[in-house]
Amino acid sequence: MAEKLTGTEIEERLRHTDGWTVVEGKLHKELTFADFNEAFGFVARLALVAEKLDHHPDWSNSWNRVVIDISSHAAGGITATCFELAAAADGLR
Amino acid sequence: MAEKLTGTEIEERLRHTDGWTVVEGKLHKELTFADFNEAFGFVARLALVAEKLDHHPDWSNSWNRVVIDISSHAAGGITATCFELAAAADGLR
Amino acid sequence: MAEKLTGTEIEERLRHTDGWTVVEGKLHKELTFADFNEAFGFVARLALVAEKLDHHPDWSNSWNRVVIDISSHAAGGITATCFELAAAADGLR
Amino acid sequence: MAEKLTGTEIEERLRHTDGWTVVEGKLHKELTFADFNEAFGFVARLALVAEKLDHHPDWSNSWNRVVIDISSHAAGGITATCFELAAAADGLR
């Protein structure tokens, strides 16, 4: 299992991400799509990535908007795998 | 467009639903599945229903849990179509 | 219900599509994606379109490849709605 | 990588499956659902399983029908993982 990263490690890694912040202890990003169809295509692809990594984000959707929150319940914080999932999400757009 | 239902109409209709309540002015239900796979199968099916009805829920997913909130932005409240979407969601399980 | 198009009408419309042909009486296209994930994102989006149009393609998927065949069982041929679905599929890429 | 099973091994394993046969060298099953929505829910769940196993079936869909063919290109035949995917597909219904 990936270990919880320190605040310093998280800050360092955040510098290399695009648009991710930490909100309530989770990696957080809000995405806007053209419409529901495009948003759902993203959600479906993210679901595949999550299942493959066996690391699932909290996500919500309201028509063309998708909000993603990533943390590890097992590690009690943000891990390297959380950043891997975040990077994979970015790679889907 | 479906018109906003009155509080009385909503109360009456809620009696015929299974597990739906009104939270912050929206039809609300929380569902638990066996795992992420089953939860996502439900999400995919509800997405089809929503697109067909052209009425999309606010929803969130955290592994095996799905929370659904339904209201009409256009009508400024809960409409007959909201209940139609809720019934369709129930029909998927 | 959309009516079956004549051969001449189909030929005319095919000129305005990108990569669609008629194979065994159906609008036919073969698509290749980067990987299964991208192919499935397309599949999920086309499913939404099909359900909304109430016109569903015959399709198959083999990892990064998707083959689509569109015709109308009800009309016994290719209709304007078939071309609408084909155009919508093209719009998803 | 899983190794190709022998004909005898395949016959033995097929006895423990429900409705799978070997067609053109692949594990084959045809499924019928209530409608497109239910069929697509199955497809979406199968996609998650396939991505997790990193073993993807050939599948096709025509409204409420889904046809699945499973083999291993790498092994040049049917492997234990093919049966694992088949069993997982059965577990989704």
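Order as written gives the chain letters A, B, C and D; numbering starts at 1 within each chain.
Keep this in mind: contacts are C-beta pairs under 8 Å (C-beta built on N, C-alpha and C of every residue); 3 or more make two chains touch, one makes a residue touch a chain.
None of the values given here were measured: they were computed from a predicted structure.
K.L.:
A-D versus A-C: which interface comes out with more C-beta contact pairs?
P.N.:
Pair with the higher count of C-beta contacts: A-C.
K.L.:
If contact pairs are compared by residue number, which of A-D, C-D or A-B agrees with B-C in over half of them?
P.N.:
The B-C interface is reproduced by A-D.
K.L.:
Could you tell me the distance, in whole angstrom, between the mean C-alpha positions of subunit A and subunit B?
P.N.:
Using C-alpha averages as centres, the distance is 25 Å.
K.L.:
Report the inter-chain centroid distance for subunit A and subunit C in whole angstrom, where each centroid is the mean of the CA atoms.
P.N.:
33
K.L.:
Indicate the residues of subunit D shared as contacts by at least two other chains.
P.N.:
Where subunit D meets two or more other chains at a single residue, that happens at 36-37, 40, 44, 47-48, 51.
K.L.:
Testing understanding: with touching defined as stated, what is the shape of the graph linking the protein chains, line, ring, star, complete or other?
P.N.:
Complete.
K.L.:
Can you tell me which positions in subunit D touch subunit C when the two form their complex?
P.N.:
Against subunit C, the touching part of subunit D is residues 36-37, 40, 43-44, 47, 50-51, 56, 58-63.
K.L.:
Across the complex, what residues on subunit C touch subunit A?
P.N.:
So the residues of subunit C in touch with subunit A come to 36-38, 40-42, 44-45, 48-49, 92.
K.L.:
Which residues, counting only subunit D, touch subunit A once they are in their complex?
P.N.:
Where subunit D meets subunit A, its residues are 44, 47-48, 51-52, 54.
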